[in-house]
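Chain nomenclature is as follows: A, B and C, assigned in order of appearance, with residue numbering initiated at 1 for each chain independently.
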Amino acid sequence: MLTLTNVHKAFGSNKVLKGVNLTVEKGDVVAILGPSGSGKTTLLRCINFLERADKGRLKLGEIDISLKHAHSKDVLAVRRKTAFVFQNYSLFRNKTVLQNVTEGLIIARKIPKDEAIKIAKEQLDRVGLSDKYDAYPNQLSGGQQQRVGIARAVAVKPDVILFDEPTSALDPELVGEVLCVIKALAKSGITMVIVTHEMSFARDVASKVVFMDEGVALASGTPKEIFVDCQEPRVKQFLARFNNEIDYNI
Amino acid sequence: MNLDTDFLWSVFLKALAKLPVNFEIAIVALVVAIPLGLLAAIVCNNKVPVASQALKVFVSFIRSTPPILLILIIYYVKKSLDMQGVIKIDPIWYAIFIFSLIEIALLTEVFRSALLSIPATQLEAAESIGMTKLQGYRRIVIPQVLGVALPVLCSSITDLVKMTSLAFALTVVDIMAIAKIEGGFSLSFMEAYLAVSLIYLIVVFVLERIFKIFERFTKSYADK
Amino acid sequence: MQYKNYSSILDNIKELLPYLSLTFQYVLLALLFGFIFALLLAVMKLCKYKVLRAIAQIYTTIMRCLPSVVLLFVVYFFLPKFSREVLLIDIDDVPKILFVVLTFALFLGGFLSEVMRSAYQAVSKDQMDAALSIGLTPLQAFIRIILPQAFYYAIPNLANTVIYLLKEGALAYTIGLIDVMGRAYQMNTLSYSVYPIPIFVALALIYWPLAIVIEQLFKILERLMNPIKEDKKTAGQKLKGFKAKYLGFLVQTPKGGAEK
């Protein structure tokens, strides 16, 4: 359903992406792993055109466009079929929780206001924030803000939701509540691409894992193929510490 | 449309010769206003009874009133003093007086907010090692206040230099007065004021650059 | 000429007050035109063309360096000459308020463009990203998300701008405009400078409360407009920070916004 081919992106002389390919099928939960600076976040931002890639193609449903030369109309079309959950939540600071969710429905998708509010309330209830409709973002904890961020993304019924390290800005004790919400979403069959450092989460929830390093997708496969069977030395080295931790835990 | 560049140039030179007058006013006013402004800020922030209230009224009045109006008031005070023959001094002293007053009011506000940004524990720490309050202010708090206030202080100095363009209203013969006199002679006011614009443009621009370098220098010094 | 008695401050205030309307007129008009001009300059400063950015920047620097009385005179003597000799239109009869409005619109263009730019840059970049990601067009994102936040950041500077205009506008008497200041000057002349102190003190007693009222009005506006609903403490600190930053401007001339 979502296919990226040969994506390149450089910031000045720093080549962040060097020909990444990625395929996501409907219902997939794809976890992208890899060390910091491997280009995971940049790849995600390129899909949503928050960054313009230097090269590459994007296929999403019947849309098939160049990542570099896409017309603004196509960009908008892609954005309206996808949604993004940000590392630092990025809620609209001038809108209430409810307005944060309805904004994309009313303005971008032209859904009547009453209906938009109904949808928004449903989604907020789903992430456990039914008592916070009229709060402003800075009155919420990080975990609550991120749950609003997720509700905002889900509400627009996107074909695919892109998560950019959704828990890495959170205090450790707040990570659980957000992961819980994402897990529930995964079970409901929404297609998702998640950049994350939460290994056990990736292992348990993802249907497919992609390992990125130095701007390329080094390995991809089912969680078992990556976590257990993968022979790629860089992947093994990266996972070694994590696997050790699991051993210790056991 | 023709521009009499020869005349413009001659006014430029004549006015430039009067630049020291404007500088004198600005510098003396600053030398007076910086310590007094600091003192007033400390008095206000420590809520010294009567004095702090009086200072607040003074600051509010000066900041709300057009400088030219204050200058005109002083001008008529000067005139009546001159007529009564009480004292007869160069008008530049009146200019220095009023610009000092204005600058004190402005700097009081600048230093007040700078003082608020210095944690109270700084003074307490100074006292805890046996300094007197005065020593604590002089050696610990005030140097930090000056550091914090530096950027605003610099911009307030360039503003003061620009404000000296109003000194002509006190019959001080400065840059502006030259333009008025020369322009009046030849009826080429436009060229005369263009010449003055040019002078201010250069002076203020150079001042800003100097302050910027100075700020960078003190900042890198503070970081070391 | 009729000799007039202006010894009563109270009577002088009553006499002067009606002339405030002209003062308000040039303040509002200069704000209006200055705002439009500033918008253009701010767009130039944020655009991708180096030449346009440079032009806007140089213009702002020039305006920052000139005392307003000097620019007022240049405009006052330049404009009639220019229109007579180049446009071949005689504008000797145009109302003097035009020169005042033009002068301060020129100043405000530079100053407000800096205010707009720094307010725009004060809104964090992720707000734009988030708006685009849910499918808003860049224009919708700007109007609905960025602008309200930027406006809030700009309010303290707008208050300063209005007070600046009020104070510097007093210089309009030097080209013979009969606003509240001009009327005071005229009254002084009519009475052969016998009562300068009661006249000018009366005028000061008009400006003083006026400036205080304007300041308070903007403070209320800021509280009402606060879209971010920060708790009062942080909002207060932010206000203080802005005040400290732009305080110098209250004296005399528009200042540049936050340095990059």
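Assorted remarks:
Everything below uses one rule, namely that a contact is a pair of C-beta atoms (placed from the backbone, for glycine too) under 8 Å apart; a residue touches a chain by one contact, two chains touch by 3 or more.
For clarity, every value in this text was computed on a predicted model and none was experimentally measured.
Hopping across touching chains, the smallest step count from chain A to chain C is 1. The highest number of C-beta contact pairs joins the chains B-C.
Closest to the protein's overall CA centre, chain by chain, comes C.
Among the other chains, the CA centroid farthest from that of chain B is the one of A.
Mean C-alpha positions place chain A and chain C at a centre distance of 47 Å. If each chain is reduced to the centroid of its CA atoms, chain A and chain B end up 56 Å from each other. Averaged C-alpha coordinates give centres for chain B and chain C that are 21 Å from one another. Of all residues in chain B, none touches two or more other chains.
Across the complex, chain C meets chain A through its residues 126-127, 129-137, 140, 144-145, 148-149, 152, 227-230.
Of all the residues in chain C, the ones that touch chain B in their complex are 61-62, 64-67, 69-71, 73-74, 77-78, 81-82, 85-86, 163, 166-171, 173, 181, 185, 193, 196-197, 200-201, 203-204, 207-212, 240, 243-245, 247-253, 255.
Listed in rising order, the residues of chain A touching chain C in the complex are 48-50, 76, 79-80, 82-84, 86, 88, 90-95, 103-104, 107-109, 136, 138-139, 152-153, 156. Residues of chain B touching chain C in their complex: 1-2, 60-61, 63-70, 72-73, 76-77, 79, 102, 106, 109-110, 113-114, 116-117, 151-152, 155-156, 158-160, 162-163, 165-166, 176, 179, 189-190, 193-194, 196-197, 200-201, 203-205, 208.
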